[in-house]
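Across the two complexes that follow, chain A remains constant while its partner is chain B and subsequently chain C.
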Partner chain A sequence: MAPPPALPVHPPSGPHHDSKPPKKSQKEMTKAERKELQERQRAAKAEAKASSQPSSSTPAQKKSNKPAEIVPRPPPTPGRAPREATRGAAAVAHETAAGANERGLRIFSHFGLPKAVSAPKGDIHPVTLRLALQFSEFKIVGANARCIATLIAFKTVIQDYVTPQNTTLSRHLMTHLSPQISHLVAARPMSVTMGNAIRQLKLEISGSDIDLPEQDAKDLLCAKIDQYLSERVLAADGIIEENGQKKIKDGDVILTYARSSVVEKVLLAAHESGRRFSVIVVDSRPLLEGKRLLSVLSHAGIKCKYILLPSIGSIITEVSTVIVGAHSIHTNGAVYSRAGTALVAMMAKQHSIPFIVCCETYKFSEGVQLDSFTKNELAPPGDRIATFPLTKPRESLTLANSPHLEVLNPLYDLTPPTSITAVVTEVGIVPPNSISSIPVALGRLL
Partner chain B sequence: MAVLPLDVYEAYLRILKDPDISQPLAAIGVSTELIQASNAGTTAELVNETFEALSELKRRTPGSVSVQAGCDLFIAFMTLFPHEADTLSALKAELVTQGQKYVAEALSYRDKIAQFTLGFIKDDSVILTHSYSRVVMKALLNAHKTKRISVYVTEARPNGLGLKTYAQLIEAGIPCTVVLDSAVAYVMDKVDFVLVGSEAVVESGGLINAVGSNQMAILAQAARKPFYALAESYKFHRHFPLSQYDLPTHTPSILSFPVLSAGSSDTHDQNSGTSPEVAPGPDDGNSRARQSSQAVPEWRMTAEQISCNPEVDYTRPDLISLVFSDVGILTPEGVSQYLVGMFAG
Partner chain C sequence: MDFDESSVKVATQEFVAVVLAGFGTNLIPLTSNHGDEPCPKALLPIANRPMLDYPLSWLEGSRIRDVLLICPAPQKAAISHYLHSDSSASSFPSLRIDLQIYDETVESGQGTCDVLRQIANRIKQDFVVIPCDFVPPPSFNLTAVLDKFRTESTYDGSIATACFFEAPKPDKNTVTEEWGMLPPPLPIVWDNKTGTLLHVDTPDDFDQHNEDLQLTMSLLTSYPRAMLSTSFQDAHVYVCRRSVLDALQEKSDIESLREEFIPWLCEIQYSTSKRAKYGAILNPPSNATTQNLALQHSTLHTTLPKHPHHLAPPSTEDVRTAASSPLDPEPAEFHDVSFRVGIILHRATQGFAARANTLQTYLDVNRHCLTQTTYSLPTDSESRALIDTKAQISSDSMVGHTTKVGERTSIKKSVIGKHCIIGKMVKVVGCVVLDHCVIADGAKLDGCILGKNTKIGAKAELSKCVTQAGYEVEGGESFKNEKLDVSDWTVPDDTSEEDDNAQSDVGDDSA
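Up next is the complex of A and B:
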C-alpha cells in the first residue's frame, strides 16, 4: 500500500525540481541551499559593483527574502547545470565568432591593446587629444619621450585651467587632470615613467598652498614639472651618458637592441670624446625602431652594422659589450624592456659578454614581476607601423584576414636580473640586485 | 695650479712604512697631514686643494686600486657628511681629528674580521689561501689559538709572497705547504674552503686581488668549495669593472704581443714545426733560444716578460661566497648595497 501513494508524489518532485528551482520559496530551501544562494549573491555583487546599492549590503537574513530580484542571472542549481552550461558556452562561442580578431588572443586578452582613440569623455584639453592620437599611432614611442610629452602637455593643461568657484586649486585641479590621464591611458596603457611622474605631480598639487594666488600656484606647479624633467630625466641622462661612455673602450664592438634614447646619447658621447668603436644595431619586427638609431649613429660617423634578431647568433661572438635601454626596472632588478631584449641578454650571458642596461631612477617600479605574461602590451594588429621595404602591396602580406591565424605581438618582455651585468643609473653603476637599495639610500620614494 | 703644502707621495711612502698600515689608510693619513699643513683661506679652497693632492697621489701610484678607494673615502667624508664646525680652522681641526681617529680605529678592523671568520673555521679545517694578506694572516693566527687548522698557500708568482705567508705560519706552528700557482686545481679537492684577502672590493660585489685569485675562485666554484674574501670596509671601492680589462690597473702593455722583426719572425716560422722548447742546441737560426739556453739551462721569465703580466685580477661576484668585513659578513650583493648607501646619499 505504501508504494502507490509514494509514486505520484515522487515523479512531480523530479520535474519540479528540474524546472523551477528558483521559484522555491524561502521556507522550502534547505539550510545548505540558502547558504549557497547567499554565496552566489555575494559573488554576483562583487562582479557588478556598479549595481550595488546600500540596501544590498544589509545583513544576509534580510536579503534572502527577495533572492530573485537581487540575483540577475542566478548560476545553475545542480539539476539545471548542464543545460545552462551549454547555453553559456554557445553564447561565448557566438561572441568570439563575432569578434574574430579576438579569438586566438583570449589568453592574452589582459594585455593592453592599442585602441583607436575613443570619443573623449568629459572635458579633455585639445593638447591631450593630440597627445593621445600620437600615442595610439606610435608617433611618440619610448618611456622617456612619452613621459616628457605628457608632462609638457600637462603644463599647458594646468596653465589653461581655471579654478571654479567655491573650490581651491589644490583640491580641484586633480579632478580636472584625471579625465586627461584616463584619456591618455585609453589611447595606450600608461608607461611606468608616466605613472611615476603623475604620482609626483599629484603630490605637488595636493601640497600646493591654498592661499597662493591662482596664477602663482599654476606657475609654481609648472616650475615643479620643469624641475622634475630636468632633474630626473635630463640631468640623469647626462650623468648616465658620462658613466656609460666610460665603459666603451677603443676597438670595442657595442651591440644594442632596438632604440633607446639614453643608449643613443651614450654612444654619441663616446664617439664625441674620440673613442673608436663600432656598433651593431639589432632590430626586429614589428616596430623596427633600430632603423632610427641606425640613421642617427651613422650620420654621426659611427661605424654601424644592422641585423635582425634571428641572426644575432652569428655575430654575438664579435661583440665586446651589450648596451640597452629599459622601459622600467623592477625592485628585484628585472628589466622590462622592448620584446627581444631578454633574448639578447641570454645570448650575451651565454657568451659571457657584459650586458649593461641604461636606466634613470625615475623608471623604477616598486613592484616585482616574474614573467612577461602578467602584464604586457600588444603591438597594433597588422603592420601599419612597420616600414620595412616591401615590393608587394602591404594588404597582400597582411595575415589578419586568415580565419585560423592570429598575430600576437607583445611589445615588452622581462629580462631576469641573472642575465644583467650592470645597470647604469644617475647614482652610479650598480648590479641589478642592488636596485632596491637605491631609493632607500636616496631617502625618498621612487 | 697652487703649490701643494706637502709632498703627498713622499708622505704616503713614509706612512706606509708602518707594517700595519695598508694603502687606503696611508692615503687617509696623507689627507689629514695635508689639511694640517694647508693654509687655505676658504672651505672651497681646502676641498679643492685636498682634491688636487689626492689626484696627484692617485697619479703617482698607478695600479693601486686601494689607494683610490682610500682617497675616495676621504673625499666622500669631506664633502658628503655634515660637519658641525663653525669656522674654517675648526673644520680643519675636526677633519684632522676625525681622520686620525678613523685610522686609529681602522687598525682594529682586522681583529674584528678575524673574529667573524672564526665562526666559519671548523676544527681540523684545511684552508687554501693566496699570496700574502695581513688580514688573512690575522684570521689564521687567531683561529690557530682555538682550532687545529692546516693551510695550503700558493707561491704567488712573480713576487713569491706566498713564501712570506708560509714562513710566518710555520713560525706560529701552523702546518703549511706551499703549492704552485699552477697546482691550485690539483689541491682544490683537499681543501675545505678558500680564504683570500683583497686589494679592493668593488661595487659589483666582486674582488680585486693579487693575480691568481680569479682562477682560484673559478676552480673553487667548479669544486663546490666556498670562496671567502676578507676585506676591511675602507677597501670598498666605487668602481664597476665589466671585465679584467676594465680595471684601472690595466694598461695597453699588459698582455701585449712583442713586435717581431722580419728576420726573427722568419726563424720563428721555421721553428714552429719542430719542438723549440726542448731542443737547446742545434738550431743556429734562433738567436733568442740560443742565448737563453746557453746562459742558464732552465727557463725563466725575464723582467720584460713579467712586465706584460697583470699584478691584480678581478673576481666576479657570483664566484664569491661571502665577503667578511668589519661592517659584517656580507654577500656580494650586500657589498654593493652598502656602497650605494655610503656614497649615493
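Up next is the complex of A and C:
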C-alpha cells in the first residue's frame, strides 16, 4: 500500500503539540488510535466545561468529566491527554481511590453518596445530635421508626425552648427547629413520614394561640404531637392489624419481604387470635432486615421459612398471599418501598397471587412517582449493619469498593399500581389508585 | 441583639469535661517543688507549650464548653495564673473552665475515684474524664469518641466509652532504666465488630493469677469473636453516663479509675449477678423521654435477647409490647439495656498518641513534637540578637524566645525553653531544657531533662539525667543516668544561691 498521505505537521505552537504524533486521517488510524483521539477531544471539551458547569449532562461526557471535577487539580494540558486516555479507567481509580468517598457514580450520581455527618451548624440540641447519629449509623431504620423518633426528639426540643424577647412562640419556634431539621436531613434524607409529620407540626405551631403563656403553649404542642403519634401511627396500626387479619385464613402461606413494622404487627396479631398459618420471609442484602423479622416471628411460635430474593421464583407457587409494608404511597397509587419489593410484586402478579400493601394514611405523598431513579437513597458501603455471628470472617462475605468495582446499594424501589391488589389502611381496604380520594390521607379531616 | 441570642440558646450542655491534673509522681524530680513553689505536672511544657494546652485544645475542637479542672490544693495558684494569662485566654475562647481543688497531699495517696466522688455533686450530666497529660494526635478527634458514646447510649444502653491507643515501642537504647520501670503490658479483651471493651486486666489480677489470664464463660458466650492484645495502653479518656458516678458512690472501696473501676464496669455487661445488683443504679428509671418506642419500630433492632439463657421464659407478651404500649416511656427492662462499655482503638499507624506521665514518655512526646516542626531563627530582632550567628541550631530543635545562645554552640534535636542562657561551645543533644535555665560554657548535655532554673556549671557533662527545678551542677561534674534532686544538698534554705557549695554528695535516686 502507498504510504498514507501525511497531513502537514504544524510547528509546535505551545505545549499542546509536543508529544502528538503527526496527524493521520481517521481511516488510517487503528481503532485504538481513533479511540485515543476521541478521548483527547472529550478531555479537552471536559476541561472547558468542567469549571463552568460541574453537573454532567450527557453520559458521554460523564466519564471524562468525573476525573476533572472530583480531583481539584489544575486541568491537564491536552498534551498529556493521550497518556490519560489510555490510562482511562485506571486514572479514575487512582485519583478516586485516594478519596474513596468521592467515587464517580455514573448512574446514581444525582442523589449523591451518603456522607459522614458533618459538624453541626448552629446550636443543635443534644437530642437532635444523637438522633442524627442514630440515623446515619442505621440504628433507627424504617419509615415509622424514624417519624416516631423525630417527633419524640422534637418534643424534648420544644420543652427546652425559650422564646426570646421580642418575638412570639408561634413565629420563632419554627426558625428554631429549622437547623435541627437540616441536621437530621444531612444525616439521612428525610422520609415521607417525617416530612408529613413535620408539616403537621408546623401547622400546629403557626396556629398556636399568642395569648397562651409559654409553658402552656409548649405543653399543648407536645400534646398535639402525642395525639398525632397515637392516632395516625399507633392506632392506625391497630386498625390495620384488624383489617389485615381478615385477609389471613387458616392454612395460608403468607409471603413477606424484608421487615415492615406494620406487617410484623399484623402477623403477630393474627397468630394471637388463633389462626394457623405459615410465613415465608424473603430477604435481601445489604440490610438483611428479614433476619430480624424471622427471629421475632419464630420467637412467637409462627412457622417460618427464610429465603433470599433471588430464589423467590422457586417458592412463589406455594404462596397464597403476599403482604408487604411501604415507605410511602403516591397519588398515582405507586408504592415506594424497600428495594426488591417491586420484584416480589411482579412475581406475585405473574402467578395471580394477591399482593397486599399495609400502609397508614400518613404515609401518603402528594407527588406522582413513576420510577425509582429520580428519587432514591444509597446505603453506605460496608457491612456494619448485620450483627449476627458468622463462621467466616465478615470481610470475605461483603463486597467492598475496590479499584475496579463500585458497589451501589439503592435502598428503595417503586412498585407500580398495576401489580398491587389492595392497600390496607386504617380507613379500610382500598385499591391503590383510590388513595388520593381519602380525605384523611390528604390531611383535610382530623 | 446579643441579649436575645443568649436567651434563645439552650443552656443544656450535653457533656462536661473533667480534666484531672495530678501530682505527677512518676515525673519526680521534675514535679518536685522549686523551693516552696510547686511545679505542677499540668504546666510542664511539651514543645514549649504547657502540657495542659493539649487536652484543652482537644476539647476546644469538640464543642464541649464546660470544663471542670481538678488539681491538688498547692497547685491551684499556679494553674489559675496560667488559665487567666493571655496565652490561654486566646487559645481556648469558648471553654468555660472551672478550677476546683481536691484536698490531697502526695502522701495520702488518694486515687482518682475519690476525686470524682468529691466533685460528684458538681457534675449533673454525662461527663468526659481526660487526664492533663494526654497528647492526642491531630487526626484523632474527640468528637469521634463522643459520637460513639452518643449513638450507643441511645441505641443500646451503653454506659461508657473508653479510648486505648497503641504506644510506639521504644528502642532499647533510648530507654533509661534508672528513670523508672516501663509500665508492664496491659492485656485487654475487646470485640472488634461492636467496639466493646470486655475485660481489662487489673494489677490485682496480675498478682493473683501470675501467668494466666482468666475470663468468664459468660463473656465468651456473649462475644465469641473477642480479641486479645497487650499492645494497647489506656488513654484515660472516658466518656460516661451520669449514673456511673452513682455506681462509683456505691463501690466506695475502689480507688483508682483506670486500674480498678473501669475493669469493674466492663464486667457488668455479662455478669448476671452484677447486673442484678447495679442495674437499677446504672439505668435509673427517669422521666426523660427515650427513643424506646422508635426503636421498637425500627427494622434493624429487635428487643429479643441474643441468647436464651439471658432471658425469662419467652412469652408472647414481650413481643407484643410494640403494638400495645401507650406513649409513656417504658420501664427499661434489663435485657434491653446492654450496659456495654465501648472502646475506640487508636492504632500507631494513625498517628502518634501518648500520655506524658513518666519521664520516658515525656521525653518521647517532646521528641515527637520536634519532628512535626522545623526550626527557623526567630523573627523579632530582640530574640534574634540573643542568638549568636555562629551557633548551630539544627532544624529539628526548638528554642524558646528571649533565649540567649552563645557562639559555636550546637543544639540538636532538643527543646529549649524561654529565657535560657546558654553559653559558648555547649553541646546539647536530644534534651528538654525548661525555662530560665543557665548552661555555662563548654557543657555537654545528652538526652537530659533539665527542670526550671537549673544551673549547669562550665564543662559539666550530663548524660540521660533529670534535674529538679533549681538544681545546680558544679562545673566539671559529670553524671550519667541519674535523677538529680535538690534534697541531696545538705544545706540550702533559699533557692539558687551561688554560695552554697556544700553539695558534693549526689546519690542515686531510685523511683
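Operating definition for what follows: the second predicted complex is superposed on the first by the 316 of 446 C-alpha atoms of A that agree within 3 Å, B and C clash if a C-alpha of one lies under 4 Å from a C-alpha of the other, contacts with A are read in each partner's own complex, and residues count from 1 in each chain.
Going forward, a residue touches a chain if its C-beta (ideal position, glycine included) is under 8 Å from a C-beta of that chain, and two chains touch if they have at least 3 such contacts.
Note that this is a predicted model, so its numbers are computed, not measured.
Enquirer: Mind checking chain B and chain C on superposed chain A, clash or fit?
Expert: Fit: chain B and chain C sit side by side once superposed on chain A.
Enquirer: Looking at A:Ile205, would you say it contacts chain B, chain C, both, or neither? Reply first, second, both or neither.
Expert: So A:Ile205 meets neither chain B nor chain C here.
Enquirer: Quick one: is A:Val296 in contact with chain B, with chain C, with both, or with neither? Answer first, second, both or neither.
Expert: So A:Val296 only meets chain C here.
Enquirer: Touch check for A:Glu241: first (chain B), second (chain C), both, or neither?
Expert: In the superposition, A:Glu241 touches chain C alone.
Enquirer: By the touch definition at the top of the document, which applies to A:Arg130: first (chain B), second (chain C), both, or neither?
Expert: second
Enquirer: Just checking: does A:Ser434 make contact with chain B only, chain C only, both, or neither of them? Give me first, second, both or neither.
Expert: The answer is first: A:Ser434 touches chain B but not chain C.
Enquirer: More residues of chain A are touched by which partner: chain B or chain C?
Expert: The larger set of chain A residues in touch belongs to C.
Enquirer: With the two structures placed on a shared chain A, what shortest C-alpha distance in Å links chain B and chain C?
Expert: 24
Enquirer: Quick one: in the complex, what on chain B touches chain A?
Expert: Counting only chain B, the residues touching chain A are 203-205, 238, 240, 242-243, 245-246, 317, 332-333, 336-337, 340-341, 343-345.
Enquirer: Quick check on the complex: what are the chain A residues that touch chain C?
Expert: Checking each residue of chain A against chain C gives 117, 119, 123, 125-126, 129-131, 133-134, 137-142, 144-146, 148-149, 152-153, 155-156, 160-162, 164-166, 172, 176, 226, 229-230, 234, 237-238, 241, 258-261, 264-265, 268-269, 272, 287, 289, 292, 295-296, 299-301, 385, 387, 389, 394.
Enquirer: Could you list, by residue number, the parts of chain A that touch chain B in their complex?
Expert: Spelled out, the residues of chain A in touch with chain B are 247, 249, 321, 354, 356, 421-422, 427-431, 433-434, 437-438, 440-443.
Enquirer: Applying the document's contact rule, which stretches of chain C touch chain A when the two form their complex?
Expert: 1, 3-5, 7-10, 12, 14, 63, 143, 147, 150-151, 153-155, 193-194, 224-225, 288-289, 291, 293-302, 304, 314, 316, 319-320, 322-323, 326-327
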